[in-house]
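Note that the chains are named A, B, C and D in the order they appear, and that numbering of residues resets to 1 at the start of each chain.
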Amino acid sequence: MSAVGHVRYSTTGETILRNVQPLFAELDGGGFAIGHNGNLTNGLTLRRQLVRDGAMMQSTTDTEVILHLVARAKRNRFIDRFIEGLRALEGAYAFVGLTNKKLIGARDPFGIRPLVMGKLDGCPILASETCALDIIGAKYVRDVENGEVVVFDEEGMQPYKPFPPTAPRPCVFEYIYFARPDSIVGGRPVYDVRKTMGGELAREAPATADVVVPVPDSGVPAAIGYAQASGIPYELGIIRNHYVGRTFIEPTQHIRQLGVRLKHSANRAVVNGKRIVLVDDSIVRGTTSVKIVQMLREAGAREVHMRIASPPITHSDYYGIDTPERDKLLAATHDLEGMRAFIGADSLAFLSVDGIYRAMGYEQRDPARPQFTDHCFTGDYPTALTDRSAQETPPRQLSLLAEAS
Amino acid sequence: MSAVGHVRYSTTGETILRNVQPLFAELDGGGFAIGHNGNLTNGLTLRRQLVRDGAMMQSTTDTEVILHLVARAKRNRFIDRFIEGLRALEGAYAFVGLTNKKLIGARDPFGIRPLVMGKLDGCPILASETCALDIIGAKYVRDVENGEVVVFDEEGMQPYKPFPPTAPRPCVFEYIYFARPDSIVGGRPVYDVRKTMGGELAREAPATADVVVPVPDSGVPAAIGYAQASGIPYELGIIRNHYVGRTFIEPTQHIRQLGVRLKHSANRAVVNGKRIVLVDDSIVRGTTSVKIVQMLREAGAREVHMRIASPPITHSDYYGIDTPERDKLLAATHDLEGMRAFIGADSLAFLSVDGIYRAMGYEQRDPARPQFTDHCFTGDYPTALTDRSAQETPPRQLSLLAEAS
Amino acid sequence: MSAVGHVRYSTTGETILRNVQPLFAELDGGGFAIGHNGNLTNGLTLRRQLVRDGAMMQSTTDTEVILHLVARAKRNRFIDRFIEGLRALEGAYAFVGLTNKKLIGARDPFGIRPLVMGKLDGCPILASETCALDIIGAKYVRDVENGEVVVFDEEGMQPYKPFPPTAPRPCVFEYIYFARPDSIVGGRPVYDVRKTMGGELAREAPATADVVVPVPDSGVPAAIGYAQASGIPYELGIIRNHYVGRTFIEPTQHIRQLGVRLKHSANRAVVNGKRIVLVDDSIVRGTTSVKIVQMLREAGAREVHMRIASPPITHSDYYGIDTPERDKLLAATHDLEGMRAFIGADSLAFLSVDGIYRAMGYEQRDPARPQFTDHCFTGDYPTALTDRSAQETPPRQLSLLAEAS
Amino acid sequence: MSAVGHVRYSTTGETILRNVQPLFAELDGGGFAIGHNGNLTNGLTLRRQLVRDGAMMQSTTDTEVILHLVARAKRNRFIDRFIEGLRALEGAYAFVGLTNKKLIGARDPFGIRPLVMGKLDGCPILASETCALDIIGAKYVRDVENGEVVVFDEEGMQPYKPFPPTAPRPCVFEYIYFARPDSIVGGRPVYDVRKTMGGELAREAPATADVVVPVPDSGVPAAIGYAQASGIPYELGIIRNHYVGRTFIEPTQHIRQLGVRLKHSANRAVVNGKRIVLVDDSIVRGTTSVKIVQMLREAGAREVHMRIASPPITHSDYYGIDTPERDKLLAATHDLEGMRAFIGADSLAFLSVDGIYRAMGYEQRDPARPQFTDHCFTGDYPTALTDRSAQETPPRQLSLLAEAS
């Protein structure tokens, strides 16, 4: 028996289910189910062409586009139809497909989104992350490579390489935020990478403080790394409320109308009277950071030095990370001092782009051949962006540390 | 506007909702809603008497008993009827009641379960824990005292002391496990108490190891305390799966039938090849500990030294903590070496009862006048146990550390 | 195995389920479930007394009152407690109760509401109507008598007569409207009685017309009787929409806002150009009659002569028939000509009270000892009406036929 | 505002909702919703072709086929695309479609299924039956003709005749069973037609009996016609249980396991000791008739003469009437005497095919040019049956009356 499950985890504990996956179609030749991680950058364009050609769309997902392309492909073998469909796509994807007889995996030419192969009791497994293999007790076999299509059937596994060879550029955000800390992505343990980023950050942007406090849960590994590198004690200064369960949220309208900050609570015993290094993995809009800093101050924090274990996000993502439009990105609209003032911290510092690459084992970023998809920090998108008029302006050079004067 | 919500949190993130609270009754004189935290030890006995006297029970909760007692009390003032009802009760309770005009709080004579008063925009709030006040932005006023009944109405707060004065004996398990780490219980920050317990444990039961790993989330504060006291680095060697969300659990029957350990995953990058101090807050049945130790070994742990930041639980609780019958308690049926062997750790150690009292600021436990309800460790129940034939045998004297030979 | 089902049918096809029956209580001595047909006239008064005495009410039904009375009765045998409860009741009731071991039936002293005993495969059955016995294939045994309590257990049936003997006065409305036409109530086939009433009506109030048309389904048997007695052909001039199903009602808001008369449609093929005798069983508010007459006229009816197979309803019912307050009763506020004008018929006639008694086999109503509960037409209530201040004025003497001039 | 509702009623009171209608598609050029009454006889064939051409089917209904055909049609105007889709269809259909700007109706070339145009407050309405117009207060305008497509938009109504002219052949079953009695189908009042069929039946197959009893509700108009033509009194000898409501059916498992005949009850007062003419509209499988005859006998009927107001059904329908396969049709597998014996009646008679045509106003059926689709009785299907291998054998010549010897 085979199955296609589609789950993506993040360290925030929220499952990223953009659509109800997998989608299913009754094709000529049998049923086909498919799950999709990632986003196409020409999905809308393809969709419009297909509708003009008489296709009836059931959903608003770009996953459905690949189904229609496969349904319409004029080839005999199913795998050839599937590959013909893939050739039309642009952007980021990791697909897991299932026919009556075959389990199929496919990863976009740059390998932007991850996909790994595992084995359990002799059955092949495809998953976004190795942690999923661990949970079900499966053995990791290898990553599906960038631009690779793998087909499992009774006769075993058959790999295909339908695209021109390219160097891989996996998304660096998997390491920063997206993947679970116990996953191994591209051969690197995510927890180690995040701790190293925290350590790099401690070296690049030290602070004089009494405690290192993570924004839970996203900032925890980087905060442990910062604490170990700096020698400042690590403490749980913020408690997540979301793990209390939903029931809490619904007592009465009366309580809901109050100025409730439901996601986090300050742990006053840790915070009161202290100088705090507050560590998070990234800043997107900055709105959560504002609330957290204010909450810490209300709980008696003497100083709050915010440290972010990744560079400023200046460009939107179109490959499957749920970032907003550029004008909503704090770092796209504020300089460093502006960000610090907005957030209300006593100081604010980001890890440098080269710091990221150092944490990954390189000396620095090579602009000619960067090893990762890192457009959020650099504006360097690896693929065309057909659906969008690519009007992104080049990134301003930002300084990485601001302090309140 | 007033409201009665009833929520109890635990550091495991599961809300303890034994009954759908609050219960409501239309009494002579108007409606009365009541929520109950704790357990009566004569609830069944009272229930049988009431049914014999013609009461019609709607639920199986012992909360309903107090409603019927109030309904039948022959007094004029509502508060006198409520107090007459309370006098019949035995065991642990924190009640929050609401009539059309009054908000009422009541705590049992020993104050076994907590209850705090807060204020928000001039309105009185009653809650089990201070963290609930923080979340809604209310100000803490004071604890309701043991044996105290407080009544809020338009004219303000009126306290009653209907019972003979007794020294308070709050339940020590609130500090060990039950209360949220950011709550302040009986004037003591729970997070600080737990860290101190972890520090005491490091002194009482040191270990030669590479990393301190908490069982998340229950063991986190004690593990931080252990790590700081011992100088061994604190690392996230175990990742909770439950925060991944429920969706994960349901992919297919196929996957569910596999030997899945869904609650936790080992973080191989931290664990592999390491000597580990594994810290948890307590052991009840021991079944979870068995799985975690085995999981760490499968992930490559070289040694696993289990350290428990509370004494062995040898007696059942009847006051609202969901412990099983005595014969299911690991420490009631095994000696220390037996527990170690059962769990499969290289060594196992518990914090001493005196260690608990030291963490709370006392030199040691005074058997003549213990400051806490601590029967789980000592067999010393503060109240009668009318519903149960109190056949508990006195606790064996257990040693607190066992090592594999 | 025993069971208590509680269903009441009417010829309109709507089940009269005033409450979710049966109610259940865990009494001292075991569970007790009870279903109630009828209405108490002192239910509210008893309820208030019980609440004052500390009873906690779960519902707003007067059925619950008997449960509390039984729960509080100070007798040893269950049947004695049940009878003690019954003695406090006033009004109309047919109870079916069930304990672990006994099936119990009880009918009020006048036998206002019906209750019959049946047998199926040796098991006793209690039902409101004989049609229920027919449907499940049970054999009719006998009616439970007025003021009788019957108890079935392993040793057979034991009858009790706890009340002073009285002549029975069953509710005449069972024959007119309430009971199903295929039931036999008090030994009389309901269908035959209704046809006879229609025949009496044809003799008392003849009409010159082309077709006899029933208001479906309530007027069907009387219309057949009228048609046979008068020789005017019986035709389906009105079609019920309710049997179309609910789906029809929900197409869109747009359609619902139109002046929809959803319950009936005129059958234009029958109605157009005809002089119609329109037969119904009774008139309560008269609002439905207005719509039907207008609908027939719009469908081309030349004349509409409305004939009602029962007398004018001048008094409210408090025994279980869902009549409105007196001032909503058309016959309580209009004289005959006023009613005719209100309804818009060319003529209007009612069956006389004596006509009712003739259809039941008597020569006329004996005001000193009427055989039926007929207060709706006569104002003669057989029981006290404790819950209401009995301010009903004596009925005006109404003429029975009005014609448009 | 416009809307497409899709409801079909039958005199049995059950809405025929084969699919959740209407279906909706987002086409190039805007949304299109469509409801379908009838069945295609090449739906499966078209479906397979479309899937082979890359269409993705969302449902199993043949309605979806027309949506895909329209989506793929290569025309500019929407109406031309719709008509191109229609040209591929074979079988019976009445479509109601809706675009943002147009309301469209279409009827198959033979007009097998009905469709009428109405008007309400100036808005066009399309409905299967005139009774729907009556209920919402709309005015009947005219029938959509066979093979006609009508388009309503802001500029009014535009009719199209895209098919070669053919004489209409509406389905005779609309008159016999399908349409509501108060509808006017093809200019004929359904109630009148059914009564006339009952009258024809009384002349073709008289019976010596005491009462005429309809099988409710389907046999009611024919029974009234039979009674009037024969002079035998019409009586409600059978009561439908279904109008009692669903609650009745569910009391307990105990009762359900009994030999319950839930749909009908005999009215013993009418039936006992009588010779009965039992009238129904048609016999399909005959299983209901068996139960009813047995029920009447158990209620004391002396003789039961079954009279069916249509001919024996010897052929399956493929145009939207839910008949079973041929081998399940009683008249396809039994001769008349066999049917009588199966049903257990004292005599059994059917109306002749010519009797049907007489009731419709013709002298007899003209085999060369029959005015109706009547294959159920004659095997004469007006369209090809592409999806089925048309292996139906010619009908045997059946006699129409059988009597128990």
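Operating definition for what follows: a residue touches a chain if its C-beta (ideal position, glycine included) is under 8 Å from a C-beta of that chain, and two chains touch if they have at least 3 such contacts.
Keep in mind it's a predicted model, so treat the numbers as computed, not measured.
Chemist: Applying the touch definition from the top, give me the chains sitting in contact with each of subunit C and subunit D.
Modeler: none
Chemist: Among all the other chains, which ones are in touch with both subunit B and subunit C?
Modeler: Looking at subunit C and subunit B together, no chain touches each of them.
Chemist: Nearest whole angstrom, what separates the Cα centre of subunit A from the Cα centre of subunit D?
Modeler: From the centre of subunit A to the centre of subunit D is 59 Å.
Chemist: Between subunit B and subunit D, what is the separation of their C-alpha centroids in Å?
Modeler: For subunit B versus subunit D, the centre distance works out to 68 Å.
Chemist: How big is the gap, in whole Å, between where the Cα atoms of subunit A centre and where those of subunit B centre?
Modeler: Between these chains, centre-to-centre, one finds 37 Å.
Chemist: Counting only residues that touch at least 2 other chains, which ones in subunit A make the list?
Modeler: none
Chemist: Based on which chains touch which, is the overall arrangement a line, ring, star, complete graph, or other?
Modeler: Drawn as a graph, the chains make one closed cycle, so a ring.
Chemist: Got a list of which chains touch which?
Modeler: All chain pairs meeting the touch criterion are A-B, A-D, B-C, C-D.
Chemist: Help me check something: in the complex, which residues belonging to subunit B touch subunit A?
Modeler: 1, 3, 5, 7, 9, 13-15, 17, 120-121, 131, 134-137, 180-182, 184, 189-192, 217, 220-221, 224, 228, 233-236, 239, 241, 243-245, 247-248, 251-252, 254-255, 258-262, 265-270
Chemist: Under the touch definition given earlier, write down the residues of subunit A that touch subunit D in their complex.
Modeler: So the residues of subunit A in touch with subunit D come to 25-28, 51-58, 67-68, 71-73.
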